[in-house]
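Below: the structure, in structure tokens.
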Amino acid sequence: MVYLTRKEHFNAAHKLYCNHWTPEKNDAVFGKCANKNWHGHNYELYVTVKGEPNSETGFIMNVKDLSLIIDTHICEVLDHKNLNEDIDWGYPMQPSTENVAIWIWNTLEKHIKDCQLHCVKLQETDKIWVEYFGK
Amino acid sequence: MVYLTRKEHFNAAHKLYCNHWTPEKNDAVFGKCANKNWHGHNYELYVTVKGEPNSETGFIMNVKDLSLIIDTHICEVLDHKNLNEDIDWGYPMQPSTENVAIWIWNTLEKHIKDCQLHCVKLQETDKIWVEYFGK
Amino acid sequence: MVYLTRKEHFNAAHKLYCNHWTPEKNDAVFGKCANKNWHGHNYELYVTVKGEPNSETGFIMNVKDLSLIIDTHICEVLDHKNLNEDIDWGYPMQPSTENVAIWIWNTLEKHIKDCQLHCVKLQETDKIWVEYFGK
Amino acid sequence: MVYLTRKEHFNAAHKLYCNHWTPEKNDAVFGKCANKNWHGHNYELYVTVKGEPNSETGFIMNVKDLSLIIDTHICEVLDHKNLNEDIDWGYPMQPSTENVAIWIWNTLEKHIKDCQLHCVKLQETDKIWVEYFGK
Amino acid sequence: MVYLTRKEHFNAAHKLYCNHWTPEKNDAVFGKCANKNWHGHNYELYVTVKGEPNSETGFIMNVKDLSLIIDTHICEVLDHKNLNEDIDWGYPMQPSTENVAIWIWNTLEKHIKDCQLHCVKLQETDKIWVEYFGK
Amino acid sequence: MVYLTRKEHFNAAHKLYCNHWTPEKNDAVFGKCANKNWHGHNYELYVTVKGEPNSETGFIMNVKDLSLIIDTHICEVLDHKNLNEDIDWGYPMQPSTENVAIWIWNTLEKHIKDCQLHCVKLQETDKIWVEYFGK
């Protein structure tokens, strides 16, 4: 079993805010992230798949295909978007790094064939990132 | 003459848009950056000052003081803000990386004493940055 | 289960030395790291916690709280210190990266509530780091 | 159990090509990587071992020894080489990142004493890497 | 005057070799870089242009256009190529980092309109790079 | 004229302290850097030379020679040392990053032949560095 990671990225705006909370509670919990006019990030996305290398190509998966899947289903959807306003997540969702990573996993999983999705790592800043392994 | 650089950062939302242009022209010129709901970046800011080292401290400027000036006058003002909506630049300004860098120079210059501001470098993504030397 | 990582750092001096060994044996085992007058490093510290995202905040833990815990209990204690002279580890300890990482785990574990400490990664240089998972 | 990682690197040329395929099929599968005159990479190699810290040294393994093993058995062999032409892998092998990582594991494993090899991570570009854990 | 930098990259094979020298002299001067079967690098390319920001766009040059010019005239030509075998430089040229950077400058200069090319920086490894300012 | 940069590094301990000041003044000016038992850094050193490429080698200077000069005269002298205790600078010197960079310039300059030393950049942390151009 070999693990293959591909890095992609997207830039997006978001805010962290609970509409049924008071502004004061939003400030207390989310701090500057609750700014009503949004802020934004350069998100770095690392997708890891696992499998056994093909005896001819030496690939567990063609990394060009992996890159295309990530670009088509994730980066084209999220890049230069407002994560609170522009995205139909399919359910009400606070766009925290944790929740976006889980959504990316669920979106990618159905497109990875022949090998298995292993990890989605989403980096919000140089100092903060999350990893999700599907369970 | 020695050059001293201090790196700081801030996260912000912005869009690039000319209100007196058609949406089509905005799309043609600014592409995804014209998304009306904004997008955002992790901005990395590098401020370089120059001067001669003090014979006792060996400093051209105490880097703690430089950091405090940048934080107070730039990062506190721009961090987790919407560069189109939240900031009073003092004049109408398209918040391109170029224009923000020039504004940072003009803001910082009056607070640097005893040595000279040399360069403001503002990095928007890993692949794009600008530098301004004050003229 | 989602994994959240926060990066912090501290700068410290140390040496690797066994007082009951001869200087020759110290040199043979520790090389330059045995210099009696110490050397030092920029230590990069990565702390990973795991848990399930809160349905309202989307957080497994507020990263501001995680950062505060690390700063208070680790960075404030170790930053700009001599790891051989200035720190009360609670037991005799060679300040190798391995041992410091284990001490950081043991110190942090009691302060992480509501989610679980998963990994302490301590990076000594760009080329050397250790990870400890608590057992 | 503590995990210790050492980073090393080597520069090499390679191409991805199946001699019993048509040039068209090689192009379709490998794209630019099939260029008959080769291309090349700066390979970053991360080797992780695991064990318990020695009570005197605080080391699970002396990192100087780990570095020497990697340099002697891997970097001296692969650095500034053509991975298709210059290396005797011991068996016919497509020099994909996956296959090279497995070969590195198998080569290193017999030289790691007193602690255990845990992971070989081989990075081909800033955006692509593989990890192998020995099974 | 503001300076704008765009980073791109390409992967290539090369060797450093003077055909009219003996193999021994080639080894003495170029060391491992003289390996007859080539080696390779991930080249990072930084192109800096300078000019005054447009009053409407805030751009000294649209970075999408700059990226397209670099990709079309440099990366498409050099990526996944053998710098000794595959490229028509227009004159006999040792493919050292210095010489490739000068060639990139000369190639790009004629395509930069409305603002000026300022610097071509070409990075061969994390530890080695060259800069050329056109004279 | 082409500029060639080589990166090297060393790890060292130091403190910033004026013996003829009170401890209180040392604390006020140098803060944590005045800790009497020292702290330390991973110093990254970038040396830039300039010249014209040789028509045969394509080099302005053989980067192996540049690396050897830096290692012999700087890294061997400063690596794993205490910058206050172990080094004979030739004159009384506060080991600030500024002063160490100037000393490195003065030490290297006499060993660079056939091309010219252009810049010494010394990085103390990811956020702080100095550059010296010899005047």
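Note that the chains take the letters A, B, C, D, E and F in the order they are written out, and that residue 1 is the start of every chain.
Simple rule for what comes next: a contact is a pair of C-beta atoms (placed from the backbone, for glycine too) under 8 Å apart; a residue touches a chain by one contact, two chains touch by 3 or more.
All values reported here derive from a predicted model rather than from experimental measurement.
S.K.: Which chains lie in contact with each of subunit B and subunit C?
M.R.: Common neighbours, subunit B/subunit C: A, F.
S.K.: Greatest Cα-centroid separation from subunit A: which chain?
M.R.: Ranked by distance of C-alpha centres from subunit A, the top chain is F.
S.K.: How many degrees of rotation map subunit A onto its copy subunit E on CA atoms, rounded to the nearest 5?
M.R.: 180
S.K.: If we define chain centres by averaging CA atoms, which chain lands farthest from subunit D? Would you check?
M.R.: Comparing chain centres, B lies farthest from subunit D.
S.K.: Do subunit C and subunit D face each other with the same patch, meaning over half of the contact numbers show up on both, or with different patches?
M.R.: different
S.K.: Compute the distance, rounded to whole Å, between the mean C-alpha positions of subunit B and subunit D.
M.R.: So the centre of subunit B lies 41 Å away from the centre of subunit D.
S.K.: Just give me the whole-number Å value for how far the CA centre of subunit D lies from that of subunit E.
M.R.: Result: the chain centres lie 28 Å from each other.
S.K.: Tell me, which residues of subunit B touch at least two other chains?
M.R.: Residues 126 of subunit B touch two or more partner chains.
S.K.: Let me make sure I understand the interfaces: which chain pairs count as touching?
M.R.: Between chains, contact exists in these pairs: A-B, A-C, A-D, B-E, B-F, C-D, C-F, D-E, E-F.
S.K.: Sort out for me which residues of subunit B touch subunit A in the complex.
M.R.: Listed in rising order, the residues of subunit B that touch subunit A are 9, 11-14, 32-33, 35, 37-42, 79-82, 85-86, 125-126.
S.K.: Could you pull out which subunit F residues touch subunit E in their complex?
M.R.: So the residues of subunit F touching subunit E come out as 1-8, 53, 56-60, 62-64.
S.K.: Enumerate the contact residues on subunit D facing subunit A in the complex.
M.R.: So the residues of subunit D touching subunit A come out as 16, 18, 29-31, 93-99, 101-102, 126-133, 135.
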